Amino acid sequence: MTLLLEMKNITKKYGDFTANHNINFDVRKGEIHALVGENGAGKTTLMRMLYGMEEPTSGSITINGKEVHFHDPSEAIRQGIGMVHQHFMLFPSFTLAENIVIGGEPKRSGLFDRKAAADKVNELGQMYGMPVDPWRKAGDCPLGIQQRTEILKVLYQGADVIILDEPTGVLTPSEVKELLQSIKRLAAQGKSFILITHKLHEVMEAADRITVLRDGVVTGHMESNTTDEEQISRLMVGRDLIPMSRVANEPGASVMHVQNVTLAGAKGAKPLLDNITLTVRQGEIVGIAGISGNGQSELLQVISGLVQPDSGIVELNGKDVTGESVRAIREQGMAHIPEDRYMWGASREATVLDNGLMGHQHQYKKGGLIQRHKLRKVVDGWVQRFSIKTGSLDTQAQFLSGGNLQKLIAAREFAQNKPFLIAAEPTRGVDVGAMETIHGELLAKCKAGDGILLVSSELTEILTLSDRILVMYEGAIAGELSAAEATEEQISLLMAGGKRKL
Amino acid sequence: ACSSGRSNSEQSASNGSSAEGTGKKLKMALVLPEEIGVNQFFVQMDEGFQKAGKEFGVETKTIQSSDPTAFEQNMRATVAEDYDLIITATFQAEDVLKQVAEENPDKSFAIIDTTVDLPNVRSVGFREYEASYLLGAAAGLATKTNVVGMVAAQDVPLLKKYSEGFKEGLASVNPKAKFLIGYVGSFNDPAKAKELALVQYGQGADFVAGASATSDLGVFEAAKEKNLYTSGQDTDRTVEDPDHVVLSQLKGTDAVAYETVKDFVDGNFKFGTTAYGLKEKGVGLTFVTTDSTSKLSPFIGEEVVNKVKKISDDIIAGKIVVKNPLEQK
Amino acid sequence: MDQLFDVSLFNSMLRIVTPILLAALGGAICARVGLFNVGLEGLVLIGAFSAILGNHLLGNVWLAIIFAILCVMLFSLIFAYISINLRANVIVVGISMNFLAAGLTTFCLRAIFDVKGAYYDKNMMGLPKWDIPVIKDIPVLGGIVSGHSPLVYLAFFAAILMQIYLFKTVSGFRLRAAGENPIAAQSLGIPVRRIQYGAVLMSGVLCGLAGAQLSLGQVTMFTEGMTAGRGFIALVATMLGQSNPIGVVASSLLFGFMDAFSIRLQGFALPAQFTQMLPYIVTLVAMFFFKDRSYLKDAQRANGSSR
Amino acid sequence: MTRLKRNLLALLQPIIAVIIGLLAGAIAIILLGDSVIDTYREMWNGAFGSFYFLTNTLTRATPIILTGLGVALAFRAGFFNMGSTGQMVLGGLAAAITALYLPGPGWMVLIVSLVVGMAIGGLWSLFAGYMDAKFGINLLISTLLLNYIASLFAGYMVAFPLKDQSGSAAMAQTPMIDKSIWLPKLFSGMSLHAGFILAIVAAIALYIFIQKSVSGYEIRMLGNNPFFAAYGGVKRGRMMVVAMLTSGALAGLAGAGEVLGTQHRYLDGALASADYGWSGIMATLLASSNPLGTAVAGILLAALQTGAMGVERNTNVPLEVASVIQAVLTLFVSARFGYAFLKRRKEKK
């Protein structure tokens, strides 16, 4: 295979912080090169330089033997480099077709030919097995579709080297499988991929070569057929990981009960929640699986009091809390790790400290004022325990890498120490080390006799942690399985709308 | 308030002549409560003030203010900066002048266009309503359609001096005539004033008087466009377009400012209140009380001018008493 | 009531609405690239002054209009540079621009024409009134539509053109993209800054025309502060029309109609202050029917949820 | 980069801005053919030249600070309240009416008048908030429109029902308020009144409220990300009431302060024509909605205005140019000549 692209001795500094230090990285034609590492290791930074969004402090980039200097992504795009960003770069009010063709719009008699754009998108979708509805608005689409749109956009741009920054974080197992297959097929056709992911099984399945980063330096380069997941994670984290062990304990009384909850959708559409009944008991983790957009978000919003159900009852600790305010419900005994850390879980402009205070604000209140010193100590404790990488407690949350922010949010909610916890996508985008910490905390909480409702699009996570598994499909519960008997295949089938089969 | 003729409570100012005696150059300030450009009236006053300053070798300074607070600060600052005479003008200045003059009893002040009854203030007021009365009468005699309009700046008491006198004069000669009045809502929106004049034209008016300061220009333009007749304020505006701006109501603020400076320099400066009306030639109407360089429009005609002259004489003689609209409750 | 509703009411409405509409379109295109232009009032004022100045210097209304456009474009470049390059708060810049324009025009009036308050030259020719050949003979319609200054027609034409530009052309599409998500647009290599500059300059052109219509179309003169709040009303029209050219036309027309109507209502015993309030109240009431997107949607955009 | 260096850079930014603003102003002055040094000296003297002029500046700063603080809180909560002018006008009018018609001892009437002014300003602001919360009416538009409505309504009130019948009766204004109800002057013979103390106290109180209190925290989070706030149990409706009410009350206090401390009556157009509302918004935005910063920025803006008056009085530079200089200065002070600007300069070399 021929060397297509080479990054040599790349260093990137932000002020006095070195995000990348002397990194060598290359891509061959037609290969899938995985880039792995802990949160904040510098993966995204490296790729942003390749894509012209940042300029390296020192070092060189060569493509096809020629040295290039990108000042702007359009130059990188012209050189055949495409990037699917970790945080999507879509225009919510535009249609999917518009989002895909932007930058290379088809024209007819001087005007934007939207029909042709839609046709091209359909064609592209067929070709790569990733169909989308070209006329839908991006903002109305589930994350999976948005992800697909991002990939189609890069393909539309005709990229030869495609950077995928954590592309599978929001996809369902079957979508992941499809995506990896598509990638492999495209690689066989001569496209090259740089794949950033925290899921090592994906790396093992798809990658040809692997580069591991830790704290801004390369800690390993290897071929995928000469290594295994343990070795990679050791290089990433710098130690061995302890395998999760789950001890089943006897569930106690109900801590949270949802009875016949219904939530109507838009006029004419199917209800968002269709007569849902479920119970979480003390010392039990109930997992909810499902393709995103099947009512999980709405269910959590109803339970946490953000949305009022049209009918049905929510009980917490034996008390009817339907129609109560979020604050009242939280005080009645609920903590909540939200599914989307940027939308629900944090304020980007606020400091780490202020982000840590949310939900606790009435606990650290004295005479109407916040007890900052006390709070500072507590949040500092979380930073230590979860090894959250942050400049200081006064750093704005937007400067934390996504994984570190996720750890902060999780720490905040564990610290609520409430008998019931909603954990929605608790480890999304989090590295293996941090995942170990969060999973450990979840199990410990369960062992201590609290009830947890776990919502995750990660089937392995659901399977390893849950006592019982509910699968949601189109706003209803499509089936319930016990952890002992459930298999990935069974769940996948229910998620796709298949009938329950025991 | 004092509004009928010269008040007899006049006292002699002592410091006016004494300052001259020392041979030091006198320093006078004209502090205006608004920006000069807003009103033709201020421009005129400033001209009289500057002219007198040049003629009598007085150091003059005209200070404009952007808003009432700024005005108060300017007044106080001129006191602090030790001017010999501080002149100000209009109703807007009353409150501040009362305070400042009371606090500084040994300073000399003058106010034009209203009355402040204090021992160290010379006040010169105008009886504009007498001139408005004449204007209304002229309009009433000249109108062919028996509909006469007026475009005023704002619906505020101040402008009643113009509108009420006008209405009264109009009714006195032509009781059948219909009087329309429109308010621009601003002193400097000629575009809106023009629309208002056009509406009055649409309602049959053949004469629309302008009483909206700078916005009057919009009324004049409407007159030109639709061939109707209009009038201006303060200075002789007929020169601008004698075919359409057929009359102008006059107010001698420049003369008053000039006289004030002159009196102070000559040592004739007296505190107390004075009001200028038709009799004192402080206010007037073109063609009737004062000649104009422009030619008389046939719309008005000699006959009307003569009739209005008669009315003017009657007012001066006291046969007709025009009510001060600000005093009628 | 036949005195209230007549041909001249609608005729006058079209005149009143034109400067507001032009400025509001300028505001809309700025809003489309994410710059909230509070400086419309100042830009229109500069336009009104430079139109008169241009006419005075060049002795030709058409050249005067071009002169006004150039002046306002230059002025709006300051807005662009300080808010785009120097990243100043765009609202502070807008407010400062308004103050700057007020001071500058008054000063130039004094320095160039040596007058205070107003410049008026009875020999100066304003914009011609165009009679539209066939339409002018149609009874009611002719009276309303015909006989306006060319800029009145241009304003409505500009709105249609802008609607087509924004929603049908590729470049308009990219302009909207740059405003909707500048970071994403940048990541695609769309020159966001250049587009923002273009939009600000375009709003300069439109405000220049608005000013010219005010000082050469509606009247033929310049007076200090003659915009009298029209720029702020344009801002309201921009927002009420949700930065959609057609929506902006509708909201400007509503305001213009109410303004023309309130002039006529003055004769009817209501104190002038209340009739003058009418356009503002009706605009407020109109907002019950043309709601902006809810705060939730806006916030959702701003926080750009990812995963 | 060391911390010290970063702090120096942060300090550098406003200094560069002021220097560029002064340079731009200098060009304007030179074009006029006047002396730059004299003009700026008069500007300085007019603003801070003596104790007298300093108090003048602080008097002018008082309503700017108060309206600025009002919008600061609303901005922090994410509500773009552009209605300070209208809230101020109605607050001033209400205070004047109370002061004129409420019987009782002067000090008590004074306090009640201030409170009523605040209440009316607050309610007017809350009305916009209510329409937003209940009917989804864009706050920015509604507050702008409500300004016009408030000013016209107040204009009507003083031109007709409340008109001053005493004196020459030519002004649209209420009668003079009794001396016993005036806000006391801080120094005799100077215009500075107790309203300034209220403004400073309000700035400090608001600072503590926003930065240190739980409600302030909730308001800040609501402004940053309403979803996050909702998730954390912050009630948007309640916070909106708090934010809009306080915001309008501060603007109302600004109006009441002007009426009871400076004009001693409600005078049509006096509050709106001075553009306190816009200056207040500007002060807030210059200070990124920090209450203490808003107070400083308010004094700065007032100094530019009183300085301009000094220039007008004592040089041949007319008021208009002084206001041009003022506008240019604020333009450049608002610019963020941060590190990026300096860096770009370097790169170009």
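Going by the order they are written in, the chains are A, B, C and D; count residues from 1 in each one.
As a working rule, a residue touches a chain if its C-beta (ideal position, glycine included) is under 8 Å from a C-beta of that chain, and two chains touch if they have at least 3 such contacts.
Worth saying up front: this structure is predicted, and the values here are computed from it rather than measured.
Of all chains, A has its CA centroid at the greatest distance from the CA centroid of chain C. One inter-chain figure worth recording: chain A and chain B are separated by 76 Å, centre to centre, where each centre is the mean of the chain's CA atoms. Centres computed as Cα averages put chain B at a distance of 35 Å from chain D. Centre-to-centre, using mean CA coordinates, chain C is 27 Å away from chain D. Residue positions 152, 155, 159, 225, 227, 275, 323 of chain D each touch two or more of the other chains. Among all residues of chain B, those that touch two or more other chains are 35, 154-155, 185. Multi-chain contact residues of chain A (touching two or more other chains): 343, 348.
By the definition of touch given earlier, these chain pairs are in contact: A-C, A-D, B-C, B-D, C-D. By the touch criterion stated above, chain C contacts chain D in their complex at residues 78, 82, 86-89, 91-93, 95-100, 102-104, 106-107, 110-111, 229, 232, 235-236, 239-240, 271, 273-274, 276-277, 280-281, 283-284, 287-288, 291-292, 294-296, 299-300, 303.
Chain B meets chain C in the complex at residues 35-40, 43, 154-155, 180-183, 185-186, 188-192, 194-196, 198-199, 202-203, 214-215, 217-218, 221, 224, 240-241. Listed in rising order, the residues of chain A touching chain D in the complex are 15-16, 304, 306, 325-327, 330, 336, 338, 343-350, 354, 357-359, 361-362, 365, 368-370, 372. Across the complex, chain D meets chain B through its residues 46, 52-53, 56, 59-60, 152, 155, 159, 163, 165, 167-172, 176, 189, 191, 258, 262-265, 267-268, 270, 273-275, 305-306, 309-310, 312-314, 319, 323.
On the side of chain B, the complex with chain D involves touching residues 1, 35, 61, 63-70, 72-74, 76-78, 80-81, 91-92, 94-95, 103, 114-115, 125, 154-158, 161, 185, 326-327, 329.
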